[in-house]
Amino acid sequence: MDLFLNLAINGIATGMLIFLIACGLTLIFGLMDVLNFAHGGLFAWGAFVGVWAYGITQSFILSMLAAVIAGLLLGLITEYLIIKPVYGNHIQQILITLGFMLVLSELIKVVFGPNILAASKPPYLDGSWEFGDVTVIKYRALIIVVGLLLFLVIMAVLKFTKIGLIVRAGVMNKEMVQALGINIRLVFIGVFMVGSALAALGGALFAPSSGVAYAEMGMEFGIFAFIVVIIGGMGSVPGSLVAALLVGLSNGFMAYYYSDLAMAVTMILMFIVLIFRPEGLFRVSGVSNK
Amino acid sequence: MIKTIQKSTWIYIAVAFMLVLLPFFKDERWFLFLMIQVFTFGIFAMSYDLLLGYTGIVSFGHAMFFGLGAYSIGITLNFLESTFMNLFLGILLALVLGGIVAFFAGILTLRLKSHYYAMLTLALASLFLVLAEKWRSVTRGSDGFTFRIPELPGPLQDHRNLVVYMFCLVSMVLIFFGLRRLTESPLGKILVAIRENEGRVESLGFRIMPYKVIISVVSGVVASFAGVLYAISIRFVGTNVFGIDVTLDALLMTIIGGVGTLVGPIIGAGIIEFAHHYLSDLSDVHWIFERWIILFGIVYILAVIFFPAGIVGTLWHKLAKRKHKKQEMKQKTSDKLAS
Amino acid sequence: MTNTLLKLEQINTHIEQFHILHNVEFEVSPGEVTVLLGRNGAGKTTTLRTIMGLNNASNGTVTFKGEDITKLPPYHIAKKGIGYVPEDQGIFYGLTVGENMRVGMRKEDDATKERMEWVLELFPDLKKFWKKPGGQLSGGQKQMLSIARSYVNENDLLLIDEPSKGLAPVIVEKVIESIEKMKEKTTVVLVEQNFYMASRLGDRFYILDDGMTVHHGDMSALREDEELKRKYLGIA
């Protein structure tokens, strides 16, 4: 039983990290019909910036903040240089964002050096709590709490604020939003920046948990995030949370029992969803997915 | 029209002939090896171009065919005796497997929208990667394995690299002309029409799926053959043949060379293989050359934005424009004369 | 008739490679209801979309309140004071009726709130369904919501695309009544196939055929002109 709970907690923590990448991705897709294959690169950048900032400031909070700021800036740059020229052309979007992903990963090696960086937790987040047989690693609990909080904040913003309404309306019918007098491009840039910042924060949270930051983690987690977006339904934030937890959990359990098949299980999960329910588990009305 | 085709064909044949003579002037081992890489990746990139350029499909999993070919030949020659009969058998196995996998992958995925397709092909390729890692009794897992290729008779054995060079070159030339023939056939025309406007082709009464599946099978078979050549040239197979890098290489070569031109991907393969070689050498001069992929990434991004037609495509456009202008001029002067 | 609110001069619009509008000429006077008539595919919807900036004119100018708005993006044009009710109603299906209205409000000040009260008096049904998702409304309710949403802002011009399409006669009557009330406040350009509705509301008319303006004049004149009606509108 304790093993089951521990694996579950691990899986949920991984799922939360994937969710942080996926929620930006899903909104960007829903809103602007742009699939950004470079999104995972922000995750890796967040991790490196976080580790670097922690090394300088020795403050966990400041390191997270640094990663968020880096994410916002990189998001702005990405939107302006990479996405803007290829609106409306899926093939070009796939090609160019994939190329940018390569550049982002390699740039990490240029800026932070080609080696894997060691990442450490602050002392107060190290260690674990014991509840009878169950051991809860503090840092994993933190990841779960942060992930849940962010999910609630995002949902509240989408549900109750005017800007959230506009984003949701834009996902459903962006032409009409424009015709109602709203500059959808500004909204989009904002969503793009926030989405990038969330991915970067995810990376910054991940590095201390795994103990390392490496450039390829962007590609690795980026692929997970895509699968999650497809399973959850493009454009749906709750969908990505559910799918991210699903992927995180299945990965966590598989990694323990048959570690080599973990990735395969995730892929098969996506296959099944795509074949039987190509619009994903949570469908957003108005988003085409043919 | 027929005249221009003949002209370009002569040019290609002349270039191929020069490539045949090349190793007699420059026969260092590293150079031959690099050229063999260019030929194998040229073939692989052409097969990619067939998908991307003629049907507008972006596959992230093309490496699965490449790997399938490499493993087919490797396993055959490793488990059976290393004879020409078995070499032939291995190649046949590779082509058949490539075709079958491409057929089922196509039926499964081709009806999906582009990014779903990209993701699904990526997923499929990673399943193959897992298979190669796990089926250790046959594949030796991530260590990979070396294998022997059959000995050539008499004096040829001393020039084994040269023979492989010629074999790869001839394969590339034949495949190039074969694929060009295919794309200029009515089938090719329909494919281009599908790429331009799927809905319209459908409304004209063509069913699209069979065409897409056919092209995906052809592409898969050719890619698998490229994998065979690759494995033969290095006499080793490891799980890296299923890696995403292999697909990315093909993508880069196709984009830089010119999408939908067939000859472009070959040129792209040449540029990237040679640039890789020389830029890596330059890393002593400046560390940035160690990270040569950055330079390529940037070139690639600029190419997608500014020269989506690639090197060859852009040249073709220019030539076509000039010709058009010339004809217009002629027309004008003759009009003037007539009036 | 001395001042014009909206003026289209030599408007040509392409959608992909198709040339849809050919030198469309079109004028709207303030305070009037101008009806755009014509067969299916004549270019009526494209004309409205070109005014809104949703389709770009390849040449020609659109002038609104004396200002060239041809090249402005749609949101900018909307802010100049043009409300738009598209042919497909443009309801956000996943948002509730109230949320749909709120997205449509350009300002959230007292004047807009007052106006909202007035709009809800016009369409009391909407109040009943305030919390219902837009996708679950009936066709008539969707049309009401779409029109109501365009009324909330203080617009100088409303573009309404075929409001009677697919609606039961009772509902059509309701829509007509609401537009009649709105007429007192703003100018309206109405695309309509339903000649009954067009003739009840219209002051002036334009007929489009094959992307060209072929006729225009006072609505009263068209009511009598059987020949014209038969030729372009297919009404015997």
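Letters are used for the chains, namely A, B and C, taken in the order the chains are written, and counting of residues starts over at 1 for each.
One rule holds for everything that comes next: a contact is a pair of C-beta atoms (placed from the backbone, for glycine too) under 8 Å apart; a residue touches a chain by one contact, two chains touch by 3 or more.
Keep in mind it's a predicted model, so treat the numbers as computed, not measured.
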Most widely separated chain from chain A, with each centre as the mean of CA atoms: C
Distance-to-centre winner among chains (Cα means, whole assembly as reference): A
Rounded Å distance, chain A centre to chain B centre (Cα mean): 34
Distance between the centres, which are taken as Cα means, of chain C and chain B, whole angstrom: 54
Separation of chain A from chain C, taking each centre as the mean of its C-alpha atoms, in whole Å: 42
Chain A-facing residues of chain C, complex: 52, 54, 73-76, 78-79, 84, 86, 90, 92-95, 99-100, 102-104, 106, 108, 135, 149, 153
Touch list for chain B against partner chain A, complex: 52, 56, 58, 60, 108, 112-116, 118-120, 122-124, 126-127, 130, 133-134, 244, 248, 251, 255, 288, 290-291, 293-294, 296-298, 300-301, 304-305, 308
Footprint of chain C on chain A - complex, ascending: 162, 165-166, 168-169, 171-173, 175-184, 284-286
Chain B-touching residues of chain A, taken from the complex the two chains share: 35, 82, 85-86, 90-92, 94-96, 98-100, 102-103, 106-107, 109-110, 114, 219, 223, 226-227, 230, 260-261, 263-264, 267-268, 270-271, 274-275, 278, 289-290
